[in-house]
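Some structures are shown below for you to check.
Heads up, the next two complexes both have chain A, just with different partners, chain B and then chain C.
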Partner chain A sequence: MEWQGSAEEHSMAANNTVGDVLRANGVSRRGFMKFCAATASMMALPPGMVSTVAAAIENARRPSVLWLPFQECTGCTESLTRSHTPTVEGLIFDAVSLDYHHTLQAAAGQRAEDALHKAMEENYGNYLLLVDGSIPTGDYEAYSCTNGHTHLSMLKEAAAGAAAIVTIGTCAAYGGIPKANPNPTEAVGVQDIIKDKPIINVPGCPPIPTVITGVLAHYLTFGTIPELDKFGRPMAFYGQNIHDRCYRRPFYDRGQFANSFDDEGAKKGYCLFKLGCKGPVTYNACATLKWNEGVSWPVQSGHGCLGCSEPDFWDKGSFYRPVSAAYWGDVKTIGITAAAGAAAALAAGALARGKQKKAQEEQA
Partner chain B sequence: MNEGLYLQGMSLLDFARGPALRWAVAIFVIGVVWRLGALLLYKRQDLSRPRGATFAGGAKTLLTRSAPPHELEKDIKFQHYSGYAWHISMFIVLLFGTPHMLFFKGILGFGWPTLPTVYITVLSVLTTAILLVLLARRVMNPVLRKISTTDDYISWFMAFLPFLTGLMAYMHVTFGMRYETVLALHILSICLLLVWFPFGKLMHAVMIWPSRYKVGAAFARRGVRA
Partner chain C sequence: MDRLSGIGVKVESGQGLEPELRGNALPLLHEIRHALARLIEEGEPTTIDVQSLPMGPGDLRRLLDALGEGEVRAELEALGKTVMRESRYSGVWIIEHLNGSGGVASRFIEISWVPSLLQAQVEDVQKGLTELADALATAGN
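Presenting the complex of A and B:
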């Protein structure tokens, strides 16, 4: 996947179309059209657009892609690369000219730096910048560095020449787990730093591989960024909430719930709302696209949704507290407020008694 | 006390579930204890000789005032029974809707069986409809209009808003808002109700039985047969 050949080889590879790469990898026309139909369907395009998508992807020159991993756990890269069998989606990803990804590439130190700068110079203004991981800022900028450069400075430098930025995962999109309270490194997402470039957020912890490649496929097809929601996420994948698309929804409506992770309801696959599922307030494509080529997804495996594609999902209370159960306070606070009420009552009572006594005395 | 909810990056829903609700609950508790306490302390000494059994009189009135008085039954039947209908319906929705039960479970520490969503939806629609009819009646009937105060309208609104926002959230009639925003509005409407509760006519939920008893007991003491 990494590319570290000579400039000549690089130029040849960059001139290959995506179609060339797919054919070289043994993808049949039928398999490719199936992928295009699925992609067009995911992007809510009319069936007539399938051939357009196919033509655009097939003839697209391999766009230069730089992937900068910052303060992250590598889960997003794992998500994309650890599928058991090579998929068309995976090959589409391979087809892009991934010029820099310091986790995946063999080169290190100065050679990696050179590859990055070379790709940036050659494709200035045209490359796609993929980022995973949050960016520490302020006094903590130096807490996350590559080869002596802080990630904040790397992001600013790489973003300057990017055509668009795709943030892979919740950390890059919104700060994610590193930003969770008390945010020890003052971590932020890309959109908090870069304001003058189109940014497509592909959050998730990690995001679904199909969604990552789907967004790339959209960019290859149209050369534009897809329609985004208010959190900068592509509507095609993040337009509907998990609860509305969940196959366990009928059980919610019937009032059939799992009350614990090993009760009869859990065994029967009933709704996980009572166990804290955040499906009703989470927007992602898990319920429809699923994971590992449609094998399963968190709710199907018996655990409620954590809401990982939402900003600050780590700071929204317990994963196991139902959405409707609030944070109403505690017994101590209620005791104090009740005491305050009693004090007010005593004062009001004393005042009223005083008035009453005075009136009775006046009458007498 | 935050239990993992933090102000940084707080959404409207987090605000509603957290700080807004905490403040509303605090105001509610202070207000209810204050009003109840003040009433208990404000006891006028009655030096006259009792002309009837006060306890029996109070207990009797608890029952008799729960049905429309025979002489007025024809005129107030609709108002009386529609009042019962929406109150009962409201309590079923409040206590037996699963998300609502889970809300109380978070406070009380124990839960109870709940009803399927379809029943809750039907009863919510019923309650909302009756509330609208009763408001229309209040506005259109000259006598009712005359005796209605601002408190009546505010209290009606405070009771209506949770049903409106609850139905909007469940039925996804959101007027372009996202589901979680409507859910937040639903919880905020409850916060508003809790804040208003001790200071307006909603307090009848706490006062109704003691006040009926007290009126009955006072009448019995004076020998009034009502």
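Presenting the complex of A and C:
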């Protein structure tokens, strides 16, 4: 995926439907149906909906997309560009009109800024705004700027003409790591600033590339905002928690746990709950979509989930304390999780609390 | 080395041991059995998106081994390569869409008489008819 053509060319291309663009590229109907099957899968839709997706994509207009990177590490863009699936996911980006992304585009300086403003003017009220990175505020607003403009002012300006905003990554969604205690730049997420536009949060540190493109594919296909949960995340990808979809869940139910990263339990692939896995309180699609072309995901690699798609995940105690002994969730949340599991897990939590207490006593 | 599978990894545990969890391979085989019966009795095809299911280590391998290789294998070259092969159970097809680096971008199990993607599409046939007619006209026939 790379910056191709000028903003003017993109704008002209935006008048075509996605079907027009694919046909112009010599894509056969058979190829188109394959694209739709892969896209439906990407959107977590059942295979039976492929014909519905095909009908919608055929006539979908190419939306103009502006991507503004703010106070971020570029990991979210890296995640997307390392998706290794140029033939399908890349097409999603060919099918949208990516008019501005200062990390990926060739244009720089004033030329880049001109392209941004031209795209905003020509598509005012209709473009999709993608944001990654948090936004410094207050006395620290100037700590994150592009070409002399603070990111707070850029966000407000770009959001005014957007049809909807998609936040890419936990930083843009909830403030993420820049917001972590003591939050030296008074960083916040987009939803803390913009209150009058639909916002789709796609958190993760970084988000799974398929989830990013899946959300874009949904908007491209249906022109609507997908169903969201209470944190503004698409239910299709964040509707189930890691623990419920984890292949190690049967070990949890049997009370079989790894007690250290190199004990017999770890070698046998037992549940990582006692080693601090945040799967029970984390909502994301890692357990099914996985990472690196579906090779593996953190829990399969032997490390517990960090809960990176949850608000303020960095400030909720040690990654290595069990959820029942740390600061995750409240009594009610943990109570529900424990009730759904087994008494063995409660015993594990009690054991961990005992260890925690002992450690505190030793520190004192 | 351009593939993840090219990274040398030494596995110190689990070799030769029976896995304690059987994962989703067996339930999926039962689902496929029901889908095959439905195809025969009602003519209704079924598609299973394997990527939407939580699969543990070795789970997918066990599933694919159980399905095995059948008589038919076809490749589609459209927006990258797609490999469609019949399993040892006739009517059960494994369809893999490959990405630019040869990895599997999405994997489906289709239970049908013939995979829908393998059939010629009306729009492509119409286009082919027009092109053939034009070619013949150009050649003066």
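We adopt the following convention: the second predicted complex is superposed on the first by the 276 of 364 C-alpha atoms of A that agree within 3 Å, B and C clash if a C-alpha of one lies under 4 Å from a C-alpha of the other, contacts with A are read in each partner's own complex, and residues count from 1 in each chain.
The rule we apply is simple: a contact is a pair of C-beta atoms (placed from the backbone, for glycine too) under 8 Å apart; a residue touches a chain by one contact, two chains touch by 3 or more.
None of the values given here were measured: they were computed from a predicted structure.
K.L.:
Per the contact definition in the header, classify A:Ala108: touching chain B only (first), chain C only (second), both, or neither.
P.N.:
Neither: A:Ala108 stays clear of chain B and chain C.
K.L.:
Applying the touch criterion given at the start, work out whether A:Pro311 contacts chain B, chain C, both or neither, answering first, second, both or neither.
P.N.:
It touches chain B, and chain C stays clear.
K.L.:
What is the contact status of A:Ala142 with respect to chain B (first) and chain C (second): first, second, both, or neither?
P.N.:
A:Ala142 sits against neither chain B nor chain C.
K.L.:
Kindly classify A:Asn183 by the partners it touches after superposition: chain B alone (first), chain C alone (second), both, or neither?
P.N.:
In the superposition, A:Asn183 contacts chain B only.
K.L.:
Check the residue A:Arg321 against both partner chains and state whether it touches chain B (first), chain C (second), both, or neither.
P.N.:
first
K.L.:
Figure out whether A:Ala55 sits in contact with chain B (first) or chain C (second), or with both, or with neither.
P.N.:
In the superposition, A:Ala55 contacts neither chain B nor chain C.
K.L.:
Shared contact residues on chain A for chain B and chain C?
P.N.:
None.
K.L.:
Show which residues of chain A lie in contact with chain B when the two form their complex.
P.N.:
By the definition above, chain A touches chain B via 174-175, 179, 181, 183, 241, 252-255, 257, 273-274, 280-281, 311-312, 315-318, 321-330, 333-334, 337-338, 340-342, 344-346, 348-350, 352-353, 356.
K.L.:
Contact residues on chain A for chain C in the complex?
P.N.:
The touching residues are 27-31, 33-35, 37-38, 41-42, 44, 46-48, 50, 84-89, 91, 245-248, 250-251, 267-269, 287-289, 292-296, 300.
K.L.:
Which part of chain B faces chain A closely enough to touch in the complex?
P.N.:
Against chain A, the touching part of chain B is residues 1-6, 8-11, 13-14, 16-18, 21-22, 25-26, 29-38, 40-42, 44, 98-100, 102-103, 105-107, 114-118, 179-180, 183, 187.
K.L.:
Could you pull out which chain C residues touch chain A in their complex?
P.N.:
4, 12-14, 20-21, 23-24, 47-49, 51-57, 59, 76, 78-80, 82, 97-101, 103-106, 108, 116-117, 120-124
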